[in-house]
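Note that the chains are named A, B, C and D in the order they appear, and that numbering of residues resets to 1 at the start of each chain.
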Amino acid sequence: MPVSEIPVSDLPVSDLPAPCAIDIRIIEGDFDPAAETAALCAGRTDIGALVTFTGLCRDEQGALAALELEHYPGMAEAEIARVAEAATHRWPLLGVRIIHRYGKLMPGERIVLVMTASSHRANAFAAADFIMDFLKNRAPFWKKEHKPDGTAKDWVDAKEIDEHALKRWDQAT
Amino acid sequence: MPVSEIPVSDLPVSDLPAPCAIDIRIIEGDFDPAAETAALCAGRTDIGALVTFTGLCRDEQGALAALELEHYPGMAEAEIARVAEAATHRWPLLGVRIIHRYGKLMPGERIVLVMTASSHRANAFAAADFIMDFLKNRAPFWKKEHKPDGTAKDWVDAKEIDEHALKRWDQAT
Amino acid sequence: MKLVYFAWVRERIGLAEEERELPPELATIADVITWLRQQGEPYEHAFGGAGTIRAALDKTHAKPNAAIAGVREIAFFPPMTGG
Amino acid sequence: MKLVYFAWVRERIGLAEEERELPPELATIADVITWLRQQGEPYEHAFGGAGTIRAALDKTHAKPNAAIAGVREIAFFPPMTGG
């Protein structure tokens, strides 16, 4: 039976008491990182560090015409929210914004945004890194590659390295 | 004698052969992270991951009226360039942009920007994190805090944690 | 039971979703998969062919031995490749 | 020799920079500091008071035992607090 014995890695949990504002959107159109930054920081002076990760549609030497991103509506939002909440319980964050696009994306286009704010940089870096690792493993999105010749369309395989990346988060912070 | 026996941590080096475009600016005025992103990514489809760190002037519960940043012109650019180059030799990066402001900054204002681009996210995350650690330890900037009552003006002490952060980079990548 | 399929699981079966009356003796996700493989070649291709399949119960990740009692929607899909 | 001072080193001395004729027997940064401490109370306060001082030779970080031969500019400053 080909069903995976371990569907996804369990999210690590911890006991930090102060979850912060979390904003998650799954959208088809593009987003504006500058507008997200402005929304997250508006009227605040307690944020010392802001880490923004942007994932882009990457063309490997002309081998990609477009990416098609399929997702599981409802579950995508819920899973990303779980990952974001786990991050807010693990690090003292002051804000989290995550956007993931679906649909057809051309090389160079933005796919995903993860933005974490904290008083200090180490927490913001770790939280954004953590969120991306778990988002890739748990959020129900699937990429299909469209080739330039218009013929082959292949589903992207999940990378083992992505599962290994999760093991970094097993130790205490 | 109070002179530090170890002025700054030596930058780790490695042998990656392909340094990328590095853009460094030391400026008094504000900067626009969106314009920096656009400049770094313009016309490219090989970037899969972009990590942007923004350091902000943080007010600790109304205790800060403003920050005054003094710097050593010439050396500031040179030291940040050394740190950025070390990062490009350690990770396969596709672009690095670093901006550091000086002068008087109000709470909520941007102080520093570190932007790293790579094919894959792990390299972009590690490089931005590394650059911030070494920038804080090596780049000749000094912060003075202006208090709301207008009286006390104190130079910010260097944090031991910043030097400890550097030890993370001693091991092989 | 509502069954939903994504990515190549959807393509192999030829359906994005369907409503199925499951035999009452099916207790777990693994049982459902064993039963689906007997529902024709497309299902055998999806669930018996190459590739790892994961499952979710009511939009929450679940392991093959998870009980399906009380569940309204079972999803089948390959390992995720978002981000 | 051009000497430049930053942050509280500059404030204690009361100068951002100065041109100084250094005695030829001064070989290292440490020697320069020992000599500067004898140049009056502000220098003693800067170099003998509380706080760690770092130095740079021609805009490059240098250790106290670094030789100053051939150098045009020595900078003294506290540990950096940028970023």
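One rule holds in what follows: a contact is a pair of C-beta atoms (placed from the backbone, for glycine too) under 8 Å apart; a residue touches a chain by one contact, two chains touch by 3 or more.
Every value quoted in this text rests on a predicted model; they were computed, and no experiment measured them.
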Remaining chains grouped by touching, chain B not included: A, C | D
item	value
Chains in simultaneous contact with chain B and chain C	A
Taking each chain's C-alpha mean as its centre, the one farthest from chain A	D
Centroid spacing, where centroids are CA-atom means, of chain C and chain D in whole angstrom	72
Centre-to-centre distance between chain C and chain A (centres being mean Cα positions), rounded to whole Å	25
Intercentroid distance (Cα basis), chain D paired with chain A, Å	49
Two or more partner chains touched - positions in chain A	55, 121, 132
Chain D, residues touching no fewer than two other chains	83
Pairwise chain contacts under the document criterion	A-B, A-C, B-D
Chain B to chain A touching residues, read off their complex	32-34, 37, 41, 44-60, 107-108, 119, 121-122, 124-125, 128-129, 132, 165
Residue ranges of chain D in contact with chain B within the complex	4, 6-8, 10, 29-30, 33-34, 47-56, 59-64, 75, 77-83
Partner chain C, residues of chain A touching it in the complex	1-8, 55, 69-72, 74-76, 78-79, 100, 111-112, 132, 135-144, 155-158
